[in-house]
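Below, each structure is written out as C-alpha cells.
Presented sequentially are two complexes of chain A, the first with chain B as partner and the second with chain C.
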Partner chain A sequence: MFKNLASKIESWLDERFDLTPIRNLIYHKKVPVHRTSLWYYMGGVTLFLFIVQVLTGILLLMYYRPGEDSAYESVRFIVTQVKFGWLIRNVHSWSANLMIFFAFLHMFSVFFAKSYKKPRELTWVSGFILLVFSMAFGFSGYLLPWNELAFFATKVGTDIVGVLPVVGEELKIILRGGEEVTGATLSRFFGLHVAILPGIFTLFLVTHLVLIQRQGMHEPEHFKSLPEKEKKYIPFFPDFALKDALLWLIVLNVIIFLALYFPWELGLKADPFTSAPEGIRPEWYFVFMFQSLKLLPAHILFLEGELLGILFFIIAGIIWMFIPFLKLEKLPNKIDILKYFGIIVVIFIIVMTIWGYLS
Partner chain B sequence: MKIERRQFLNTILGFGGIGALVAILYPVLSYLIPPKIAEAKVTSVKVGKASEFEQNSSKIIKFGRKPVLLIKKESGEFGAFSATCTHLDCIVQYRTDTKQIWCACHNGVYDLKGRNVSGPPPRPLEEFVVKTVNDEIIITTQTG
Partner chain C sequence: MKNQIFLIWMLFFVAWYNVFVEGQNIKDKTLDEDQCFICHKEMEILPENFSESDVHMKAGLSCAGCHGGDASNDDMEIAMSTGRGFVGVPTRKEIPQFCGKCHSKIEIMRVYQPRISTDQLSQYYTSVHGMQLRKGDQNVAECVSCHTSHSIYYSNDPRSTVYALNVPNTCNNCHGDKRLMEKYGLKANELTEYSKSVHGIALLENKDIGAPACNDCHGNHGATPPGISSISHVCGTCHINNEQYFKKSSMAAAFEEMDYHGCEQCHGNHLINRPNDNMVGMGDESLCMDCHSEGDPGYEAGEEMKNYLTLLVNSYNSAEAKLKDVQNKGMNDADIILLLQEAKQNLIQSRTLIHTFDPLKIKEKTDEGFKKVNEGVKLADFEINEYYSRRNGFALATVVFLILVIALYLKLKDMAKSRKNKEA
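The block that comes next holds the complex of A and B.
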C-alpha cells in the first residue's frame, strides 16, 4: 500500500514538474567493481558523519549557552544532568574527529587514484575547500566547552594568525573579538560554528555531490584498460547506496562504542589567569602543523620562524588545492612525480603527528 | 574617441555597482573589528604580605587585564614578569625544580631575569618592579 501511495505521489509531481532530470541524475550513475572499490566508500562515510554532526549539533544547541560564565557550566550540565546528554556530546565529538579522519582518507585515496584529473578538477577543489571548512569547524567547536585545553589551544591558534604580515594583527582581533581570548571570542566562535560555517559548508557540499552525481564515478587506470566485457559495474542506486547504508550503520555502531568506552573529558574550566598546563596540544589533525612550527627556530634569516612556517603551510595548501591543474606528468623516464610527492606528504603528516604526541 | 551610449551607461552602472559593494562591505568590516574598550591604566598592584609568600614559589597576579608572574626566589628576592609568553601568547609558569620560567605550550624557557634562554620565544618577558613597603608587596610597571 505504501509503495502504491509513493508512486501516486511521484506521478502527481511528475505530471506537474517533469521529474525526468532528477530521475536521470539518480539512476544513470554506476559504480565500477574492482580491487580498489573499497575507497569509493570513504566520501560516503564522511558525508554520513557530517549528517551525524548536524543532528547531534542541533541537539546540543538545545542546552548549550555560550558565554564566559555559562558555556562550561552548560556543557557540564549536558553531560551530567540531561538524559543521554553525555551520549549526544560524545557522539558529536567522536563523529567530528572521525569525519576529519575519513575526509583525509577520502582525499588521499582520490589523490593516489588520480581521480582529480580532467574532468573532475572542480570536484577536487570543492572537496579540498570542504576539508578546510571541516578543520575550521573543528577549531571553532573545540573552544565552545570553554575548558583549559581549548582556551590555550585557541590562544595559540589565533596568535599564529597574528604573525601574518599586514593583515595578521587585524585578523587576529577580528577572530578574537578583541585583543585577548575572552567571552567575546567564544561568541564569535559560536556564531562561526553554528551559523556561518554550516551555511557555507552546505553550499560547497551540495556542489561537490552534484558534480559527482553528474560525472559519475572515476575509473582507475587498471580498470579502464580492461576489455569492455570484463568491466563489471553495479548501479549506484539502489545497489551501491544500500552497501553505503550498511557501512554507515557499522560506523554508527563504532561511534557509539567509542562514545561509551572512550568518553571525552570536559577538563577544568578556562581561567585566563592560570599558567598553561602541561600537554597543551591542538586537536590531532592540527598536530602535524603544530609540531612543524615547534621545530622551527625563533628566527630564520630576517623572518620570524613562525611566519615562515605558516606561509609554508598556506602555500602548500594552495598548491595541493590546484593539483589537478599542474602539468607535471610529462617527465623523462615516465616517473610519476606526483605519486612520490603524495607519499612524501602522507609520511610527513604521519611522522609529524606521531612526533607531536611523543614529545 | 566616441563612446557609445550603451558603453557609457554600463560604465556608470559598473561604478555604481562597485560603490554599492563598498558601501555594504565597509560597515560590515568595521562592525567586525571590535571597539577598543577604554580601561583605567593600571600602573601598580598590591599583592599581599611578603612574609606570607613562600620562598621558591610563584603566583599569577591580575595586573589590570594582564597576567603577571610574581616569583619569590630561593634567595628571598622577588621578581615579577609579564606571564604572557612572547612566543604565542600562552601563560608561563615558574618551575620550582629547574628554577626557571617555563611555557608548557611549546617548551619555551626563560631565566629568572626573564631572558629567553631556550625554545621558541623570540623576546624576553617584560619585567615589572617589585617593592616591599611595610611587608606589603607592590608590583609596578618599569615606567612607574
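The block that comes next holds the complex of A and C.
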C-alpha cells in the first residue's frame, strides 16, 4: 500500500517538475570502492553533526534568553529544570566540537587525497569557507551561556582582533558592540550565532553539496590507473546512503554517551569586575593559534610579535584556501612537496594544541 | 575633557604635596627646632621608649607640649625653669591628671580629633585602677601603663599597645604577674585561660579583630569586673538574642534569687569554650545536671531540648551526606545547598533558643529545620534517581541503536551478496 502511495506521489510530482535529474542522481551515482574509501564518510558525518546542531539549537532557542541578566540564568534553567534540557545542551556542545573535529578530518583527507584538484577547486574553497564559518559559530556560541570562562576567553579573543593594523581597533569595537565585552557583545554574538551565520553557512553548504553531487566522488590516482574490470563501485543509493546512516547512528550514540558522562560545566556567572580566573584559553580548535601567538617574542624587527603572528595565520589561511590554484609541479626527484607541507601543517597543529594544554 | 584631566592632576598633586612634603616638613621642623629634643638626643638621654612616630610628636606637640618649658631656648636652665612652665616628669599618681589636662578638654582635643571623647579621665576614676590610685596604690595601671609614655599610637594602628590584637598582652603585663596579682586576690592566669577560649582563639590565632579582647567586656578607661547584674548585659552587647531570651526566661529569676552570674554560670568567664549540644541534656558534659536531677521538671525539659537538637543534627548530617552523593554524581545541587543552608540557620536559631529554656519554642524551630531538611532530601533523592534513570535510558537507547546498526549492517551485507550473484 505504501509502495503504491509513494509511486503515486512520485508520478504526481514527476508530471509537474520532471524528476529525471534527481532520479539520475539517486539511481546512477556511483561511489568508488578502494582502500581509502572510509574518508568519503567524513564529510557526511560533518553534515550530520551540522543537522544535529540545527535541531538542538532550535530546541535551545525555546528557552534561551540573551542578555546580561538572563543568559546565564536561562542556560542554568535549561540544564536543571527543563525536561531533557541537560541532554539537548550537552549534545549541542559536544556535537559542535565534534563537527569542527570532523570538518578538519574531512579537509585533511581531501588534501592528502588531492581531491581538490581540477575540476573540484571550488568545492575545496567552499569547504574551507564552511570550516572558517564553523569556527565562527564556535566562537560566538561559546559566549552565549555568559559564564566566567566564556567571558574572559571572548575578551582575550577579541583583544587579539584589536592588534590588527588600521582596522583592528574598529573591528574589535564592532565585534564587542563597544569598548568592552558587555551585554551588547552578548546580543551581537547571539544574533551572529542564530541568524547571520546560519544564513551564510547554509548558502555555502548548499553550494558545496551541489558541487559534490554535480561532479561526483573523486577517484584517487591509483584507482584511475586500474583496468576497468578491477574498478569497484557501489551505488550511492541505497548502499552508500545506508552506510552513511550506519555511521551516523554510531556517532549519535557516541554524542549521547559523551553528553551523559562528560557534561559541559556551566561554571560561575560572568562578572566583569572580577579578575580573570586561571587557565583562560580559547576553545581547543583555536589553541594552536593562541599558543603560537604566546610563544612569539614581543617584537620581531620593527613589528609587534603578536601582530606578525596574526598576519601569518591570515596569509597562511588564504594560501591554504587557494591551494588548488597553485601550480606546484613535483620536484625533479619526484618529491611531493605539497604532501610534506600538509604533514608539517598537521604536526604543527597537533604539537601546538598539546603544548597549549600542557602550558 | 582636557580641563577635567588637568584638574584631576592638580588635585592629585596638591594632595601628594600636603601629605608627603608638608607632612615631612612639620615633623622635621618640630624636631629640628626643638631644643629639648636636640639636647636630649645629643646627651643620649631620650626616654627609653621614645618614638619619633609617636602620635603627639606627629601632631607637632613635641616634649614641651606635655612637660612644659621653653623648647625654643637652648639654655637648659632657662628652658627647664618653672618660670617657663616646666613641670618635669609626673609622679605615677599625677599621670592621669597630666594627660587629662588636654584629653579632658574638648576645645583642645577637637583640633586634632573632632570626634574624640573627652571623658577618659572621669571614667578612669570610676575604674578599680583609678580608685586604687586615688587611695595611693602605686601598683595599679594608669595611662602610660597601657598606652606607654613616648610610643603612643592610635588604637587602630597595629603598632599600638592598645590595638585589638595587642590588648590581651598589654593587660597581661600586670595581670600576668602572679606576685603582684596575689595582693588583689587575682589568679594571674586570665590570659592563659582567655587564649584557650573561643574568643581568644578567634582573636589571637585567627587574627579576627572583631572578637572580644579584655576591654570589650571590662571596659577601657572605666575597667572593672562586671557584677552579677551587668554580666548578661556585657555578653548581650554581642550575643543580643541570647541575652533577650535569657532575660525573659523563667531561669533568669531563679538565677537572680540564687545570686548566680547570668551567662557566666554556664559558660564561664575567661575560659569560654565553643558551646556544644552536650552542654544541654543529661550527659556527662551537661550543665543542666549541675542544678537539676532526675524527676524534676528542669531535668525533663533539658532532656527534651537535647532530643530536639540531636534529631535535627542527625537528619541534617544525613541530608548533607546525600548532598555529597549528588555532588559526586555531578548532578544539580544548587537548590539542595540553599535548603540545607536554611536548615542550618534553623539549627543555629534552635541552639540560641536554648536560652529560653522552653522546649516548645525549640521544637517549633527544629520543626522548621526538619521541613527544610526533608525538602532537601527529597530533592537529593530525585537527583540521585535522575542520575540512574539517565544511565538506564542511555543503556536502552544504546540497545535500540545497536539493533538498528546490526540490522543495517546485515541489510548491506545482503545487498552486496545479491549484487555479487547478479554480476556472476
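Keep this in mind: the second predicted complex is superposed on the first by the 358 of 359 C-alpha atoms of A that agree within 3 Å, B and C clash if a C-alpha of one lies under 4 Å from a C-alpha of the other, contacts with A are read in each partner's own complex, and residues count from 1 in each chain.
Note that a residue touches a chain if its C-beta (ideal position, glycine included) is under 8 Å from a C-beta of that chain, and two chains touch if they have at least 3 such contacts.
What you see is a predicted model; the values in this text were computed from it and never measured.
Contact with chain C, but none with chain B, is seen for A:N253 once the two complexes are overlaid on the shared chain.
In the superposition on chain A, A:V79 makes contact with chain C only, while chain B stays out of contact range. Once the two complexes are overlaid on the shared chain, A:P263 sits against chain C while remaining clear of chain B.
Once chain A of one complex is fitted onto chain A of the other, the partner contacts of A:I337 are absent, as it touches neither chain B nor chain C. More chain A residues lie in contact with B than with the other chain of the pair chain B and chain C. With both structures placed on the common chain, the touch criterion links A:G279 to chain B but leaves chain C unconnected. In the overlay built on the shared chain, the residue A:L242 is in contact with chain C alone; chain B does not reach it.
Within the superposed three-chain model, A:L303 lies out of touch with both chain B and chain C [touch as defined at top].
In the superposed pair of complexes, A:I173 makes contact with chain B only, with no contact to chain C.
Residues of chain A that lie in the contact sets of both chain B and chain C are absent, per the superposition on chain A.
Residues 152, 155-156, 159-160, 170, 173-174, 177-178, 180, 184, 272-280, 293-294, 296-299, 304-306 of chain A are the ones touching chain B in the complex.
Residues of chain B that touch chain A in their complex: 32-34, 37, 60, 62, 65, 67, 69, 83, 85, 87-93, 103-107, 116, 120-122. Note for the complex: chain A touches chain C at residues 76, 79-80, 87, 234, 238-239, 242-243, 245-246, 249-250, 252-253, 256-257, 260, 263. By the touch criterion stated above, chain C contacts chain A in their complex at residues 330, 332, 334, 390-391, 394, 397-398, 401, 404-405, 408-409, 411-412, 415-416.
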